[in-house]
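Two complexes follow with subunit A in common, the first pairing it with subunit B and the second with subunit C.
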Partner chain A sequence: MDRLKSRHLQIAMFLLPALLFYAVLLVYPVLRTFFLSLHEWNGFAGSKVEYVAFDNFKLVFEDEIFWKSLKNVMVVMLLSIAIQIPAGLFLALLLNGKWKGIRFFKAAFFMPVIMSATSISLLWKFILYPGDGLVDGLLMKMGLEDSIRAWLADPSINLYTVILICCWQGLGVVMIIFLSGLVSIPDAIKEAALIDGANRRQRLWFVTLPLIREAVAINVILLVIGTLKIFDNIYVLTDGGPNHATDVLGTFLYKEAFRNNRFGMASAIAVVMFLLGFVLTLVANRAMRRESLDG
Partner chain B sequence: MTNAKVLRSSFMLVILAILITLTACGGNKGNNSSSSASSPAASSASSEAASEAPKEKVTLRIASAYTPDHTFGPAIAQIIDEFTKQHPEVTVEKEFLPVAELDKKLTADRAANNLPEIFIIFPGAGTADYVKEKKIIDLSEYLNADPDWKDGFISGALDNLKFEGFPGIYAAPIGAYSTGFYYNKELFQQAGVEPPKTWDDLLAVIGKLNAAKITPMAIGASESWRSEHLFTALFYKWNGAEKAKGILSRALPYSSPEVIEPLNKMVQLVEAGAFSKNYIANNYAAEIADFNNGKAAMRYSGSWTVGESTGPNSPAGFGDKVGFFPFPYFADKEEHKDSWMGGVSDSFAVSSRAEGHQKDMAIELVKTLTSTASSKLITEMAHDLTAVKADVDPAKSGKLIAEVSKAMSTGKEFSGDISAFEPYKPANTKLYDLTQAVLLKGITPEKAAKQLDDEVAKSK
Partner chain C sequence: MQTTTLKMQSAPRTRVKPMRNWSRLPLYVCLTILAFVFIYPLIYTILASFKTNSEIFSNYFGLPSTWHFENYASAWVKGKIGNYFLNSLFICTVFVVAGLFFSSMGAYVIARVKAKWLVSVFYFFVAGMMIPVHSILIPLAQMAVSFKLSDNYSFLIGLYVAGGIPYMIFVMTGFMRSLPTELEEAVIIDGGGLWTIYRKVLLPLSRPVLATMGILGFLSTWNDLILALLFIKKSSMWTLSLGLMNFTGLFTTDYAGLCAAIILVNIPIIIVYLFLQEYVEKGLTSGAVKG
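Moving on, here comes the complex of A and B:
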């Protein structure tokens, strides 16, 4: 009995540091965010924290920039899904064969994922630099000066530029998840389809796709969560500007907290983001599960 | 002891540990605030004691925008080097960042109660908060004790660092500026135009430059402070500088014609074809590059432009091609002809966290940085104006700065960024965003003004 007791104590002691970090760095800030969302605070140590009930949420919902940011997030989310799912699947299908150099390509396509968003964004900023950047330079060399646009500054296109860059960076994850799905399809099923005389398209449509539904579901949920809290790429690429053209909930929150010193309102935005993420994940999960049960 | 009991006791242990860390954090906060609230009498007593004792080693953190790329950068680095040679017990830690980053850094430092001993502030409503929260110290006692230092500043410069309701002078200014148009004399000649005097002249010049296939103006419109500066100048030429106080007192709503008209003039510039096709993509660096490489004929900018166009980072000999003319005035508003955007800018504040010998050395370093000798060095190396009088050698500072100084002497009133009159931070941020949006034609002046008023209405 004593041995068991000391063993439990031992386990508890080993778990303690991790649990402490978890509590101090995650649980406490999350609870504090909920607390602050009902208070007004300018973020300065020692200044007053005043209870204001739901005033912060009212401020958020009355703010045009909130709705603009929300719309932008939705555009980013939908386009990311629309681009990354087919593109990721395409790459995965290409890389699911057994040909030379396949490992190199897997690594190459995955590379942007492990690079920091800041480096990627700065890299693209240079590529798209007005006038002297790679893109504008190429267009000029090809005699297409007229199609040069202010890629990151023109409010009518810059959100799409940002989305393409984010998709480029995130594609690797989608591809790897699809690849793992493809690998798990038993050879017997594929052979059976082949013997039954199914052609390439039929095999893809009626065999492969239904069997990697789980992978599609995981990818969609990851993209929904990932795009909802998107911040770093946009912060570096456009800083949400000009005039909030590319603001998303993350940059809106950041600006309210650190530029306008409204930490209460910023916390309210965080709570809204949390609820939105919770609901969307639930919906996506349900929809996907139902589909896989039906199928 | 049963299994469940062991589990429960280990769980309690964990909870206890969490509570201890949380209270430790809280306790720490309490300590910080009590130390920063220590009475000035106590801190001055301790500083006297420290100055008698053998020199203790101190570290001074200094935050500014004087990176090596900044026109002031090389001179400031040299001044600090000499200071540390004279005071070997002092280690200076430079926290130098570009202006936009510096602002974020100081906001974070302020929130964390970790402001550097010396840092740059700008006159205006934003700085008043530092004073209200007692984050920076009143320097008047030290200025009065050293008349040479106090009299070194150009007339009226120190008044910019006084704040209503708080007697004292809260920083020592180093930067001073005036704004106006810098133009490329060669390109003007090619188009056969002369520097304009009135707004209509300016529009005519823009027309002729366009006809000669020369881009009239370069502007880094992707950075919102560029449009805010343009708006400020237009506001002063239309209303006079005094009117801006109406924003601070809320006597002048943004939707009034005094604000909307200058915004309309910004749109007028865009519609007259003043800027290159992709002006919205250009940042400040591109604005400098376009002008310095002869791709645009004019820039509306501050006196720091002199350093940018004649200094080591500009094409050789380009400085000689550059001329200056004051911001054109409106013929029907001639009474505001001599209202300029300009004044004191970067000023060194000393944090109230500095104590004892560290505080003495912080003040000493600020004194050194804003001495007439330093001002001479900065003016000659940076080719720029400062807020401190100096016996400058024109052969070293260049002709252009002399031309700017001469034009500046015709100015009757100088006032800084109009945003300095907007005390409510969210509205202040919006002022930048919306002047930029107007310049990019993303919003009409009327709508922008309404959004600003709506934001102001949210302030308590």
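Moving on, here comes the complex of A and C:
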């Protein structure tokens, strides 16, 4: 009995460090966020934390910037999926094989993924520099002065500029996940389709796509989760402006908490983000499962 | 029916071989154009980092007329990128060592010791992968205020460790479960305990997964902005992301310097990636594909 006890103690010692960090710095803060969302606190040490029930949520839902941010996040999410899934699949199909140069091309498309969002955003800010940046300069040289816009300042287009930059950065991940799906398709199935006389398009539509449905599902879910919490790119590129044209939930939360010192309300936004992420992941998961059952 | 099948069967055999080199040409052209679009912004930045400010905005594709290496010196010294570089390197190194050590210890008992309660522990850890960083920022800020943890590297590194643990444990547990048990049994027969098995058998065998997770952890911490932004205020303690972001504010006109700084920040990452391409890609997809 004693030996059994000491063995359990030993196991616990192995788990303790990880458990301690995880519980204190990740689990406790999440629970605390739920608690704080029902309270008012101005962020200063020693100031009162006051119970206000659902007032913070009321404040959030009555704030038009919240709805604007939510709408922007949804636009980013849907457009990212609509652009990156087909584009990533296209690249993966091109790169699915064994020939010289494949490593180079894969690295080229993957490079932006590993670079920091901060440096990517600064780089693009510089390329889109109004007047003589690379993009405007090229358009000018080609005689297309009329199509020059304030890419990052014009509220009617800057959200799309940001989305394109994010897609440029994230496409590599989508491609790699599709590639790992494509590699796992057994050669026998591909040969069978070939022997049955399926042409290129039929093979893609009826053989390849159904077999990489899993990869599609993973990509969609990762994009949903990833775009919901988008922050770095927008913070550096536009800071959510001008006039909240590019604000998303992440920047809205950041500003409410750390610029306006409304911590209770910011906690309520955090809770909304958490639940939204949970629900969207479930929905995406369900939709993908459903589809694979029908097929 | 019969004839079409036959035709299809023989067609690939006769067609594929002699045309192999030429049939790929459109593919290569297409890929080269696409790759150019992806890499050109980076090449442009590298070239710009050697030009003067006025040349940057007039000469878009050419090489610099003279190579201004002093842009790098100015970014490294005047822009203090060197200082931030060492700060980031320190933070990432400590994080990777601590994160790998704690996670591998946890993953080891979860994967190799048979006990029902360990399954629940595993799910408790894995649930952490669902937590977005935004939903913990405010309580962390509160902690930082009440315990005076701002400008404290231990706190920041602790946050990275806590954030990295769920994914690390998830992937490592999967890997360790697939390892053979024979060596372990030999150690037990020799009278070795859990610690001996962990140190002498599991750690050496887990080298590939440790490498993958270490590289991935290093990259994500090197690139982090929001946690550093919130908890490091003193400019001498800034990480690279913070230093880079404030570079534009400090030297509004020094674009060549900014480009040099961007390149300096990304050089280690690109080198790591080029040498360990497979590990990086596996690290990003291993959790996703299994989950």
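As a working rule, the second predicted complex is superposed on the first by the 287 of 295 C-alpha atoms of A that agree within 3 Å, B and C clash if a C-alpha of one lies under 4 Å from a C-alpha of the other, contacts with A are read in each partner's own complex, and residues count from 1 in each chain.
Assume contacts are C-beta pairs under 8 Å (C-beta built on N, C-alpha and C of every residue); 3 or more make two chains touch, one makes a residue touch a chain.
Remember, predicted model here, so these are calculated numbers, not experimental data.
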For A:Phe57, is the partner it touches subunit B (first), subunit C (second), both, or none of the two (neither)? neither
Looking at A:Phe66 after the superposition, I want to know if it touches subunit B, subunit C, both of them or none. Which is it: first, second, both, neither? neither
Decide which partner touches more residues of subunit A, taking subunit B and subunit C as the two options. C
Scan A:Asn261 for contacts with subunit B and subunit C and give back first, second, both or neither. first
According to the stated criteria, A:Val173 is in contact with first (subunit B), second (subunit C), both, or neither; which is it? second
Is A:Leu9 contacted by the first partner subunit B, the second partner subunit C, both or neither? first
So, does A:Phe252 touch the first partner subunit B, the second partner subunit C, both, or neither? neither
Please indicate which partner A:Phe105 is in contact with in the superposed arrangement: first for subunit B, second for subunit C, both, or neither. second
Of the two partner chains, subunit B (first) and subunit C (second), which one does A:Pro242 touch, if any: first, second, both, or neither? first
By the touch definition at the top of the document, which applies to A:Leu19: first (subunit B), second (subunit C), both, or neither? both
Going through subunit A, the residues touched by subunit B and also by subunit C turn out to be 8, 11, 15, 19, 24, 28, 43-45, 258
Contacts from subunit B onto subunit A in the complex sit at residues 1, 3, 6-7, 10, 13-14, 17-18, 21-22, 29, 32-33, 36, 104, 107-108, 110-113, 133, 221-222, 224, 278, 280-282, 286, 425-426, 429, 433-434, 436-437, 440, 442-443, 451, 458
Which residues of subunit C touch subunit A in the complex? 4-5, 8-9, 12, 24, 27-28, 30-31, 34-35, 38-39, 41-42, 44-45, 48, 57-58, 60, 101-103, 105-106, 108-110, 113, 115, 118, 121, 125, 128, 130-143, 145-146, 158-159, 161-163, 165-166, 169, 193-195, 198, 219, 222-223, 225-226, 230, 240-241, 244-245, 247-248, 255, 258-259, 262, 265-266, 269-270, 273-274, 277, 280-281, 284-285, 288-289, 291
Listed in rising order, subunit A residues that touch subunit C in their complex are 8, 10-11, 14-15, 17-19, 21-22, 24-30, 32-33, 36, 41, 43-45, 91, 94-95, 99, 101, 103-119, 122-127, 129, 132-134, 137-138, 141, 168, 173, 176-177, 180, 194-197, 218, 222, 225, 228-229, 231-232, 235-236, 249-250, 253-254, 257-258, 263, 266-267, 270-271, 273-274, 277-278, 281
Interface residues, subunit A side, partner subunit B - complex: 1, 4-5, 8-9, 11-12, 15-16, 19-20, 23-24, 28, 43-47, 59, 64, 130-131, 148-155, 241-245, 255-256, 258-262
